[in-house]
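The two complexes that follow have chain A in common; it is paired with chain B in the first and with chain C in the second.
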Partner chain A sequence: MTGVNPEFVKRLEPLSADLGSACFNCGTCAAICPLISEHFPRKMIRYVQIGAQDRIMENARELWRCLHCGLCTQTCPRGANPGEVILTLKRYVTSVWRKS
Partner chain B sequence: MYNPRDIIEILAGNVRKTMSPFGVPKGMVNGWWKTEGLRQDEKTLLFTGLMYQFVPYIETATRQMERYEDTTWTAYLKYARYVPSTLSGLGLAMLTPAAEKEKAARHLRNIVKVLRASGTRFGYRPDLDEYSGILLYDLGDLDNFVRHARIVAEKLQKAGVRKIITTDPHTTYALKVLYPKYVGASFEVSPYFEALHLREGGAGKKITLHDPCFYGRYLELSNAPRRILGEIGFECVDVRESGLFTSCCGGPAESISPKLSSRIGSKRVQKLDATGEQIVTMCPICLNNLTRSGANVVDLSSILAGAQASASN
Partner chain C sequence: MSEPQRAKAPDAGEQAKVGVYICYCGGNISDHVDVEKVRERMETVPGVAVARTNMFMCSDPGQELIMEDLRQGRINRVVVASCAPSLHESTFRSAIARAGGNPYQYEHANIREQVSWVHHGQAATDKASRLIAAATGKARTLTPLEPLRVTARRHAVVIGGGIAGMRAALDLADMGVRVALVEKTPYLGGGVSRLVRLAPTGEDAAHLVTTLARRILEHPGITVHAGSAVTTFGGYVGNFTLGVSPVPGACAPAGETWPGGYVPGKGVLVPPSPDGGAITLETGVVVLATGFASYIPRPGEYGFGENAEVVTLPDLIQKIGGLEGQRGGTLVIDGRPIRSMALIHCVGSRQIPGIHEEDANGHLNEHCSRVCCTSAINTANAIREACPQTSVYELYRDIRTYGRGQEELYAKASGNRVVFMRFGADQAPVVQRGAPGSGHPLKVTVTDQLTFGEELEVPVDLVVLATGMEPGPVADLVEMLKLPVGADRFLLETHPKLRPVELPIAGIFLAGTCQAPMDAGETCNAASAAAVKAVSLLSKGYVELDPFVAEVDVRRCTGTGACVQACLNPGAIALETMDIDGRPVTRARVTPALCLGCGACVAVCPENAIDINGWTLAQYEAMVDMIVSDAVCQDSGAVPETVGA
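On to the complex of A and B.
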């Protein structure tokens, strides 16, 4: 059972303008990503959209496998900047770690 | 994989205390310029961001980390942050072979040769040449990146610097895009190969360029090296994944997972090797990671400087 927090995205707003709201979860980013790893980064962006913050924290270390190479952002058909959303999440998780 | 939290705190702590992510004192890292007789009073400043100079130290650290990745020792990395930065930096410096440091210096000397051959006027101020902080940005530590970038930018602004020639894509992206955005500091920034005018010396030799992500995609600068290489007589044989659609060398993952970094690097080498031509790149991180992944790859500066030497003979 995963709780969702509809207000989660508001916590990310001060960190970046890239929050993935334009993403319709087509999976192009996951297909093009050099990591080829379990729907990354598509799944993380979906977690942001539905406010599954616990899932993001549980899988936080996966974020740092991202090379920030930008190939997903380059190929995203919605211009949703998936690579930048992952960077936003790295900033969020780092701030949570520092507060804990 | 190492715990990113440990890596971020170690690197951020080092940058805060020593201005370097590895804690190695700048005087030990940056000595390449001493033999070059560079002017200090020119309007345009050569700025290395210390990236080529750091690579031998990155390689030493990565090799050590690769040995212990995913072993019981991985968990002990968190205690490294309690070791004084300068002490760990000196240790790293002692473990790093002098020949590798010399090789890194040679790339920068080649860049100087090429700029001079092109008639470019530039100066160099070792006191102003600092690490840009880009790794902190990539790791998501925006607070420490901004703090560091502000110090570097203020030094440059106080010295009246407006025009900068860079030597690597990471520093170029930081100064060109991130400094204006996050610290409000704008400079006229261009990589060294962007406005070169050189003599022909390529003799029709074929090469395959690996575009670093920051140059090829983020800064859309992949035409610039191809232009100068074409002008001096080289033929570029591109792989499908080049320019805007270039593929990562794996280098950015080396601080968190050297194994992942090698895996990505090997895939990229396979693609580049398929052309059968000499692989060339213009990023110290790509150069190092592709080499570690088995590629026969050389820096663009060596190719350009070599061509100028041939043209003079």
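On to the complex of A and C.
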């Protein structure tokens, strides 16, 4: 069971220039991503949308595989900036990790 | 028992010269039927004067072929072999009339839907030959007929005072037709008065209803009979008679007076009908604008009826109104703060046999209600913009924000951080009481396809069911006017593209959501279309009907009355006393405008005294003779192979 938390996205807001609100889950970002990792970065963006904080922390390691090549942001049909969402999550995970 | 001798079909005193015109349909026919071979065969058929082919017989050059042969006197009967008669029979009849011929000396052979689309090879060519030969057999015996002409009252009755009825009434009245608008409630406004802001433009529903209602009430050509319903119906196109009676209890609530302005959820109060009691309306046409009903969920469907926090979208829209005074950040309903809410789509729409439960009458709503996606998203946007502290989840199967400006609402919802979740038809979300201490009275569990099939638990304070549109409760009108009803139980037009607002019953038109789910804009489109169709029907002061109706040969009739018993349209045929050879006798008489031309009377007449003009038994016999004749092609004994079989 994945918990849904509308408050989570508010915690990310100060850390982000764009939280991918325009995303409609098409998966173009995952298709173009050179990592060819399962549904990356689409899955992370979806977890941000629904506020699945636990899932993000469980899979935080994946964030550091990102090469920041920018292909996802370049190809996103909705202009949703997936690359910035990944950067935001890295900032968030780092801040939480520091506190713990 | 010997079959009574049938009179030979009259031949109008002239030699029948049949022209046969065979269409390629751009390959649709000629890919499977050897059209030139069929033409060669037709040239040998008795009575055929010319046989021609064309790539598209319905094109101007194709029609010109026929018209030129008629003008030159080469032919006086026409057979066109092409697509189904529902598509182009009227095209060719009118071409004949333009060339000075009688449009009823025409017979149509369908060699596309009934041949080339379902057979191929030699068998297809043979079947086409036999069907066309049969048509020529009938064509030879066709006598000139004149359309039935009935005078038409320049008056329309519009049933239903929602925006469809108001739009149609205004358009009709502006075009000079007197209108009686019959509405069963004391208000004008219908379904739109239960809305607040219309998607996608944000137009104010109250303003729209008020504007239309004021114009209706001020129009000298429109009489409104509010709080009244149609109770009797009779007559035929141009000459309908409707009985209208007050609906018991449909009077305005005490304290409300006219002009009472706009009452949210109800509409604009109308002064009571001046006549008070039951009245009779004589009219030329009837426009049906009876609207829709909102689906009411079954008790327990998504927790409806069991939890006060589960409501329908129409109820929510009325409860929150324009969200005035909801600027505190969190939506408040009935004093309860709503921090999180879920909107569930497709409730009572797109139901699937075996998955969804039928209603008490065994019905499923298999149709898409079309407007609820946009309505739900419009409401979500309004709430997110006025109350940013309220989270909104939309749980959907598919989203269909069709139409101008509606996809933008969806994009706006994404920007407003409305969270969408997608469920499969067989994995409906489950609404349960929230865990104690969760701070939310309800929780919704959903297997979300957008989160890769993970099961999500959404704590919410409110669940809103986006209920669909169902046909309105018009069983009495369906019965009274003999209206055709589709599998979805909405009223059914003659053809969705060729006759989209007409019914097979001439003079009755459809306007708005009595026909199918529509939004307010589409409803007005349909209503204006119905008004224009009605006016064009009335414009000449008379109506012409196809003459394919029963005719009694009073010399053969013995007055058995079997035809009256068999008649499907009461009043179309009746026994009456008439004078024949100086003796009063009882004979059957047809009222042509009421006759449906079905032939039920022909079949039961023991004296063979009735025939349908243009479809006489002798003409059927001529067709059958040609079908079984080997004159056009030898019977190969082969069963035609069906394409795809």
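One rule holds in what follows: the second predicted complex is superposed on the first by the 100 of 100 C-alpha atoms of A that agree within 3 Å, B and C clash if a C-alpha of one lies under 4 Å from a C-alpha of the other, contacts with A are read in each partner's own complex, and residues count from 1 in each chain.
By definition in this document, contacts are C-beta pairs under 8 Å (C-beta built on N, C-alpha and C of every residue); 3 or more make two chains touch, one makes a residue touch a chain.
From a predicted model like this one, the values you see are computed outputs, not experimental measurements.
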Contacts for A:W97 in the overlay, against chain B (first) and chain C (second): which applies, first, second, both or neither? first
In the superposed arrangement, which partner chain does A:R46 touch: chain B (first), chain C (second), both, or neither? second
Is A:G3 touching anything from chain B or chain C once the two structures are fitted on A? First, second, both or neither. second
Per the contact definition in the header, classify A:W64: touching chain B only (first), chain C only (second), both, or neither. first
Classify the contacts of A:F24 with the two partner chains as first (chain B alone), second (chain C alone), both, or neither. second
Which residues would you name on chain A as touching chain B in one complex and chain C in the other? none
Listed in rising order, chain C residues that touch chain A in their complex are 339-340, 391, 393, 411, 414-417, 419-421, 445, 448, 450-452, 454-459
Residues of chain A touching chain C in the complex: 1-4, 6, 9, 21-25, 39, 43, 46-47, 49-50, 52, 78
Which part of chain B faces chain A closely enough to touch in the complex? 1, 3-5, 7-8, 138-142, 213, 217-218, 244-245, 247-248, 250, 252-253, 256-257, 260, 264, 267
Note: in the complex, chain A contacts chain B through residues 15, 34-35, 60-61, 63-65, 67-71, 74-75, 87, 89-91, 93-94, 97
